[in-house]
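In the two complexes below, chain A is the common chain; its partner is chain B in one and chain C in the other.
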Partner chain A sequence: MRTRYVLLAVGVALLVLLPAYGGNYLVRFGTFLCMYAALALGWNVIGGVTGYPSFATAAFFGAGAYAGALLQVAHAPMPLAWVGAVVFVAAAATVVGFMILRLRGHYFAVGSIALVEVARLVASSWSDLTGGGMGLNVPILPGGPEYAGMVFLYSMFAVAAAAFAVGLWIEHGKLGFALRCIQQNEDAADMVGVNTTACKIAAFVLSAVFAGAAGAIYASWTAYLDPSDAFSILLTLKVPVMAMLGGAGTVLGPIVGVVVFQAMEELLWSNFLEIHHAILGLMIVGLIFFLPGGLLSLGARRRMPARATSREVPAE
Partner chain B sequence: MSELQILVNGLVLGSLYACMAVGFSLVWGVLNVINMLHGSFIVLGAYISFFLFRHAGVHPFVSVPIAAAVLFALGYALQRGAINRVVARPVLTTLTLTFGLDMLAYNLMILAFSATPVRIILDLGRVEAAGVIVPVDRLAAMLLALLLTAVLYAVMRGSKIGRAIVAVRMDRDAATLMGIQVERIYAVTFALGALMAGAAGALLALIFPISPTMSGQYLGKVFIVCVLGGLGNVPGALAGGFALGLIEAFAGVYLGPQNAMTMGYVLMLLLLLVRPTGLMGRKGYE
Partner chain C sequence: MSQDPLLRVSGLEKSFGGVRAVRQVSFEVGRGEIVGLIGPNGAGKTTLVNLITGVVRPDGGRILFDGADVTTQRPFQAARRGLARTFQIVQPFPQMTVLENVAAGALFTGKAASRREAERVAAEQIAFVGLQPFAEAPAVSLTLPNRKRLEFAKSLAMGPRLLMLDEVNAGLNSAELDNALDLIRRIAARGITIILIEHLMKVVLGLSTRIMVLHHGELIRAGAPRDVLADPRVVEAYLGQKFAERYGRLADA
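Up next is the complex of A and B:
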């Protein structure tokens, strides 16, 4: 266990010092790493720990992106716009969570995908506000590309670090205990006095908040938004896949998944843009067939074989 | 546009939507798998009809059974080779797998067919009655869609394999004890779902332009139909299909076409809140 945290610390140090030794390309790569780490860690709270198959990541990412971008267009300073976006996403996730967390299993999954679709359709058709399919230009951060790169890297890093801290707190805290109870048997958890509704909404909002923050920063970073980019169906699938690649339900799993996934994407797939979706599809098939517990379970299986298999709970 | 005309347009659309969704509903109900590939199955069926028409001059009505047969074989192979390995796992696993397979299918279709929309132009004239105009190709597609759905209903109720599928849906363990080979039933069910998607796609090709990029849109419509109508029965899919067709037709006229699809989703989410099993959800697929 200790080696893992040492490795993590080395990785973080490499990331934080990136602007000192890496070029713009590496800084950009590092920013993406942090963004996906925030998203995957956020997803892990509802999808991994609580066991609700959420594919709504892109809905909150896009909502945060649009909220932040619109605030910036209305001349709010960038940090204030980000805070506003997070508040907006938290409020939206509370309302939406109250509605769709009553669903379970398959219906929840379909409902969460529908959220992304509704959000994209609304953003496309409400062109007075969002610019519709024409997209929305966000003011560019002055100070040159090196400075902007650094600002966005550290901002994304802060979100990822916060998501990691929340992940640790959930793993050891009372809320996490309640969420794991819900994952194992929601009715039983309810019966022994866990306030399942409140806990599920808390988990949902926590996961949405990180997606919203990452989205808001992303909008300022790319300085341009359109509905299919903000509410991307690819993003909504990639994030759970990254978390599962490392090991859903653990704190380090999503980070490992993000690093491996992004490294593969950067080194292997970026040369094959035409078959990008196909490679992702094949990777998912491989992951589901051959690595159901994620990369971290490979080490765990050697030491404690019983636990690695007990994670697989059969469907109802 | 007269109200009666909008109603008829909605019914034409609705029967096609029912035919599109009934296979998805069957797979969800029996295998407990959300098949994200369903939209691609529909598009593939449409392209089979298109290519047969363009290169071999096959009449699109004749292509419907051909597309259905090809998709049946593909569905059977996919279930046996891939889906069956995870069929008992949680929804996150099965959904992610079919989602991934759909990415693969989408990419292959883009490479093979390109994203540019194509269409079959088949002017068969139109019928006019009581001020309502319906092109003959649309009318034919509607009737064929209803016929196919009725055939599926008859198969479920009357044939040995249909009864076995219903039995597996009602109680898998009891069905096993009665000597039903559950794995085979799963494969046949998935293949039947693909068959209905392929046939529906071939019918859609008669009316609408087709492109691989539309698979996500069709999948979304299928979701809505299944939730509106409830899973697990053919009448439910019909009710959901007609409901969505009418919603889209009326919302398209009164709220603008860009909001028609949004209305469908919003109603679906609202309905999920009130009745988490849809309008006609019940156990046992008939």
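Up next is the complex of A and C:
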């Protein structure tokens, strides 16, 4: 366990020092790593710990992106626009969560993916506000590309770090315990006094908030938004796959998954442009069949002693 | 101790589609009683427990628990009020340890303020039901009798005032049954009021201070065990002639 955290610290140091030694390409890569880490860690709260397979990541990412972008277009300073976007997404997730969290299992998964499509349609149809398919230009951060690269890297890093802190708190805190009970047996959780509705909404909002923050920063970073980029089905699938690749329900799993996935994408997939999506599909199938616990479970399986089994206690 | 009943149910009514599962059921349970609830399969016993714990909402009638109207409560509220129940089919958190399972009961009902305190309460209850050797084992690895003990420990950690045991003894062999009987007696000795849903007459007669009989959703008889079992309607609906004769001989002897 300790080596894992040492490795994490080394990774973080490499990331934070990137602007000092890496070029624009690496800084950009590092920013994407942080963005996906924030998304995967956020997803993990509802999808991993609570066991509600959410495909709504892109809906909140896009909502955050548009909210932030529109606030910036309306001349709000960038940081304030980001905060506004997070507040907007939190409110939206509370309302949506209240409705959609009544569904369970596959029904919830389908309902959550529908959110992405509905949000995308709203963004592309409401062209007076969002520019529709023409897209939306966001004011560019002055100070040159290197300065901007650094600002966005550190901003994304801050969101990822916050998501990690929340992940740790969830793992050890009362809310996290309640969420794990819900994941294991929701009816039984209700019976031992867990307010399941409130806990599920809290988990859903927590996960949405990080997607919203990442989206708002992304909008400022790319300085241009269009509906299919902001509300991307690919993003909404990729994030759970990353979390599951590393190990859903654990704190470090999503980070491991993001790093491995992004490295693979950079190294391998640039050579397989045509069958990019097919490889993603195969990975999902492979993961579910052969590695449901993710990469982290490989190490755990080797180290863990055989499980204690119960025999009947002799009658007293 | 006040004299008013712990639980008062009046005119309770619940239908599922065209089936009236519970019809105009009214009864009271006093503090410290062990009430046996019997009746044939499909009589509405589990539905009645589900109504009292808020799993399903009644179509009519009222439920008062310790003087408070709890007719429309949700299960987690019932749990926090001290209304605990065990399930006919055990409901553990399978991948959590026995200790965590029981600690959940203490923590979320507010009987413990922190995880640490909850685990201390849990350890006590685990010892009480005799599951110490398996405290760190995942619930899924337990045998059936031990899973039932886990249900007991979890319910007890919730600090219940009324405990509803829904066929906790089904599927146990004779030796295991004696252990379970002893356990229920020790729980009652702690001052916890118990409603016992049971098919095994050995258990019902061994424990109950009073018996209620449910048939087609109606409460057809309630009273002292001896009077209830002598009632021809109860004999016809549930016990059968053979049992009545044997019990009659036992009672006369």
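To be clear about the criterion, the second predicted complex is superposed on the first by the 304 of 316 C-alpha atoms of A that agree within 3 Å, B and C clash if a C-alpha of one lies under 4 Å from a C-alpha of the other, contacts with A are read in each partner's own complex, and residues count from 1 in each chain.
One rule holds for everything that comes next: contacts are C-beta pairs under 8 Å (C-beta built on N, C-alpha and C of every residue); 3 or more make two chains touch, one makes a residue touch a chain.
Nothing here was measured: the structure is a model prediction, and the numbers come from that model.
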item	value
Contacts of A:168 with chain B and chain C, given as first, second, both or neither	neither
Touching partner for A:83 - first (chain B), second (chain C), both, neither	neither
First, second, both or neither for A:282, with chain B first and chain C second	first
Touched partner set for A:158, first chain B, second chain C, both or neither	neither
Partner touching more residues of chain A, whether chain B or chain C	B
Partner chain(s) touched by A:105 [first = chain B, second = chain C, both, neither]	first
Partner chain in contact with A:291 - chain B first, chain C second, else both or neither	neither
Contacts of A:274 with chain B and chain C, given as first, second, both or neither	first
Residues of chain A contacting chain B in one complex and chain C in the other	312-313, 315-316
Of all residues in chain C, those that touch chain A in their complex	53, 55, 74-76, 79-80, 84-85, 91-96, 100, 104-105, 107-110, 115, 130-131, 133-134, 136-138, 141-143, 145-146, 154, 158, 175-176, 178-179
Residues of chain A that touch chain B when the two form their complex	47, 51, 53, 55, 99-100, 102-107, 109-111, 113-115, 117-118, 121-122, 124-125, 233, 237, 240-241, 244, 248, 274-278, 280-285, 288-289, 292, 312-316
In the complex, chain A residues that touch chain C	172, 174, 177-178, 180-181, 184-185, 187-196, 307-313, 315-316
Chain A-touching residues of chain B, taken from the complex the two chains share	28, 32, 34, 82, 85-86, 88-97, 99-108, 110-111, 216, 220, 223-224, 227, 256, 258-259, 261-262, 265-266, 268-269, 272-273, 276-277
